[in-house]
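Shared between the two complexes below is chain A, which pairs with chain B and chain C, respectively.
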Partner chain A sequence: MAGRLRWQTGRVVAIREETPSSKTILFDVPGWPGHLAGQHVDLRLTAEDGYSAERSYSIAGPVDGERVELTVQRVPNGEVSTYLVDDLRVGDELELRGPIGGWFVWRVEELLPVLLVAGGSGVVPLMAMVRERARTGGVAPFTFVYSARSAAEVYYADELAGRARDDDGLTVSLVYTRSAPAGSHRPAGRIGQSDPDDLGWKPGAEGRVYVCGPTGFVEAVVGMMLDRGHDPSTIRTERFGPTGG
Partner chain B sequence: MAIVTRGFRGRRDASAERLPPGQYQTRDFPVLSAGPTPRIALDEWRFTITDEPGSPVRSWTWSQLLELPVEQPVVDIHCVTKWSKFGTRWEGVSLDTLFASVETSAGYALVHSYGGYTTNLPLADLLGGKAWIVYRYDGGDLSPEHGGPARLLVPHLYFWKSAKWVNGITLRREDQPGFWESLGYNNHGDPWREQRYTGD
Partner chain C sequence: MSADTDMGYVDGNAVIGAFTEVFGSDVSVVMLTCAACGAARRFVEAHVYDRGPGIVLRCPQCDEVTARMVRTPSEVWVDLRGVAAWRIPANVVI
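What follows is the complex of A and B.
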């Protein structure tokens, strides 16, 4: 039996705006034990009077010593996410506990092709897998389908474009649901709405599928895959709702 | 001693005494599951209690389940991902009813679901008015993403113990970790003792 996950102090060392409603926050966490791509962490914020609030966030980056990188989306009226996105500054401290979750993870030893399907801020743990593959020189081919409302809401846009350009083993496909920028390969619309090949992944294909996003998105994508004959045992899901945040 | 996070005030919940440590109240009903929502035909649905040697002890079809006495628990539920939801209204069958005709000396239960999910509990956590197989939620049929046609409801433990798409229980003399219990989550999962992860 593993030991208890203990609360550790994390100090903010960098903050980067990802989109108008989200920020990537880099923490320095002395003694951080490391993590797998796809895992998450619990945060605990404590007010001066001792009141505290806990939330879980996916880790955006691969293992990097004592650095832990999160991307946080501001949830309207969210008790914790509004503080993290609007008020947190470099040098601030809070508590972290993790890493957590041993199912929605990818390891470089896994050689089979991978399909990643992200909806909105569900991109975060999948981006950790893309970055982990690059960090480790992984050979498993990755197909990454990322659904966002518009170009302004795409996280990691420049990095993704660069990685897709420089890496033959990584295919990135952006699906815009509300408005597609000029030159897009497809009109705005949900995954599979007009083109069943949006996922570029054939039934019977060997490999593993990771789907992460809001519940409605995950249900729609996975339902479409099951309709087309995909093996449910190859599909791993992680869902979240904008609940409290 | 917790460190203070500069400038964090937070929002006190008026019903904080109903919240286990580290939880916050939500009025939505979030969905969490590790894989696809399974597609289950009611005419093929079965719920089976199996004794450790592997022989089915009792099995119910969907129509047989619906004939059993109905209870309507109204309970607070607590998810390990931090949300709690107060006063959720369910309809289903008490595990006491299902176990009324089952003789066993086993101390543990491994709960099974369509789709392959498992979770483990001491049998004592399932009996004594503490657990149900529920098939209706908030006045309507239980939807597939929330575990329909039927799920386990064990509201005094974190909600991953309330297995969705439940189809059976294996009685065991020795405890055997289930799905999340093998992947870093606590073996028992009492929210009031904040037993979230292994070793808590």
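What follows is the complex of A and C.
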């Protein structure tokens, strides 16, 4: 990470709806130093009386000049996410700092196979890795397992379908936990619940695993992998929860 | 968020920014040794409770408090008595 972290001003240049409860927000941040896939930013909102609240959000896209793209899930009663999803408009300015985190990241120089396991909005930093791989022509095999409640809650659905078809070496597998659309390869259920081979990744496999999602999801996936004999040193995790609001 | 995914904590990833701002280098790769149980774990693996007026880090091994941070408009107060040692990779020190 170059230099000390400091708050910068970002201006919203585009907003698009990802699902009914989430939006992708594109910021222009003058002087942005660039970032790695998997890193995040802190956003800070300050009220007129000086009260401020900050939250951490994963960056959804690969490095792109001074552009920073986030996808934000509305957390019911969340004091920051409700503002970002419901009230933010193109042209608005926000304080942010980053890029943050040098652990939950993937670089194109890393050639070993990668397993990405996403729960809900935990897909965001993992999607940044998939996009970075495509941007840089990365050759590391990627297996992407994405758990969502239903098809309506899948982020980046069209792009994922396209990448699953077009990106060499990328396998995408959607796991629906509540309702699976017609034609799904498995019935609705949690990862490993109905199909122990959901992850398609064998103990002893060489490579790295990234797991991101709500705390309970990450603990369940990691617990399952450790029970099956996976090496904990190959697994990197990021947990978030409703406290993120 | 359903109750079955809310375990009350997140992990150190959520507060890297707050600690990095104070310590001046990326804390995500720092290894913390718990003063209570001696387990050495990465900062990002800490269990983090960030709902109250401050941030509380607990050891993922024994659940003892390792670090606390409270920020006010005029200062940042950090209590690190639960950490026996910080191990910082040389390449992240600025």
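Keep this in mind: the second predicted complex is superposed on the first by the 241 of 245 C-alpha atoms of A that agree within 3 Å, B and C clash if a C-alpha of one lies under 4 Å from a C-alpha of the other, contacts with A are read in each partner's own complex, and residues count from 1 in each chain.
Note that in this section a residue touches a chain if its C-beta (ideal position, glycine included) is under 8 Å from a C-beta of that chain, and two chains touch if they have at least 3 such contacts.
Values in this document were obtained by computation on a predicted structure and should not be read as measured data.
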item	value
Touched partner set for A:Arg74, first chain B, second chain C, both or neither	neither
Which superposed partner A:Lys23 touches (first chain B, second chain C, both, neither)	neither
Which of chain B and chain C A:Arg239 touches, first, second, both or neither	both
Partner chain in contact with A:Arg163 - chain B first, chain C second, else both or neither	neither
Contacts of A:Arg131 with chain B and chain C, given as first, second, both or neither	neither
Contacts of A:Phe217 with chain B and chain C, given as first, second, both or neither	second
Superposition-derived comparison: chain B or chain C, residues of chain A touched	B
Touching partner for A:Arg4 - first (chain B), second (chain C), both, neither	both
Partner chain(s) touched by A:His35 [first = chain B, second = chain C, both, neither]	neither
Chain A positions touched by chain B in one structure and by chain C in the second	1, 3-5, 42, 50, 54, 56, 100-104, 215, 219, 237, 239-241, 243-244
Chain C to chain A touching residues, read off their complex	1, 4-11, 13-18, 20-21, 24-26, 28-29, 42, 44-45, 49-51, 73, 92, 94
Touching residues (chain side chain B, partner chain A) in the complex	2-12, 22-26, 28, 30-39, 81-83, 115-116, 145, 179-180, 182-184, 196-200
Chain C contact footprint on chain A (complex, rising order)	1, 3-5, 40-42, 50, 54, 56, 75, 97-98, 100-104, 119, 213-219, 237-244
Footprint of chain B on chain A - complex, ascending	1-5, 7, 9, 42, 44-48, 50-56, 79-80, 83, 87, 89, 92-95, 100-104, 215, 219, 222-223, 225-226, 232-233, 235-237, 239-241, 243-244
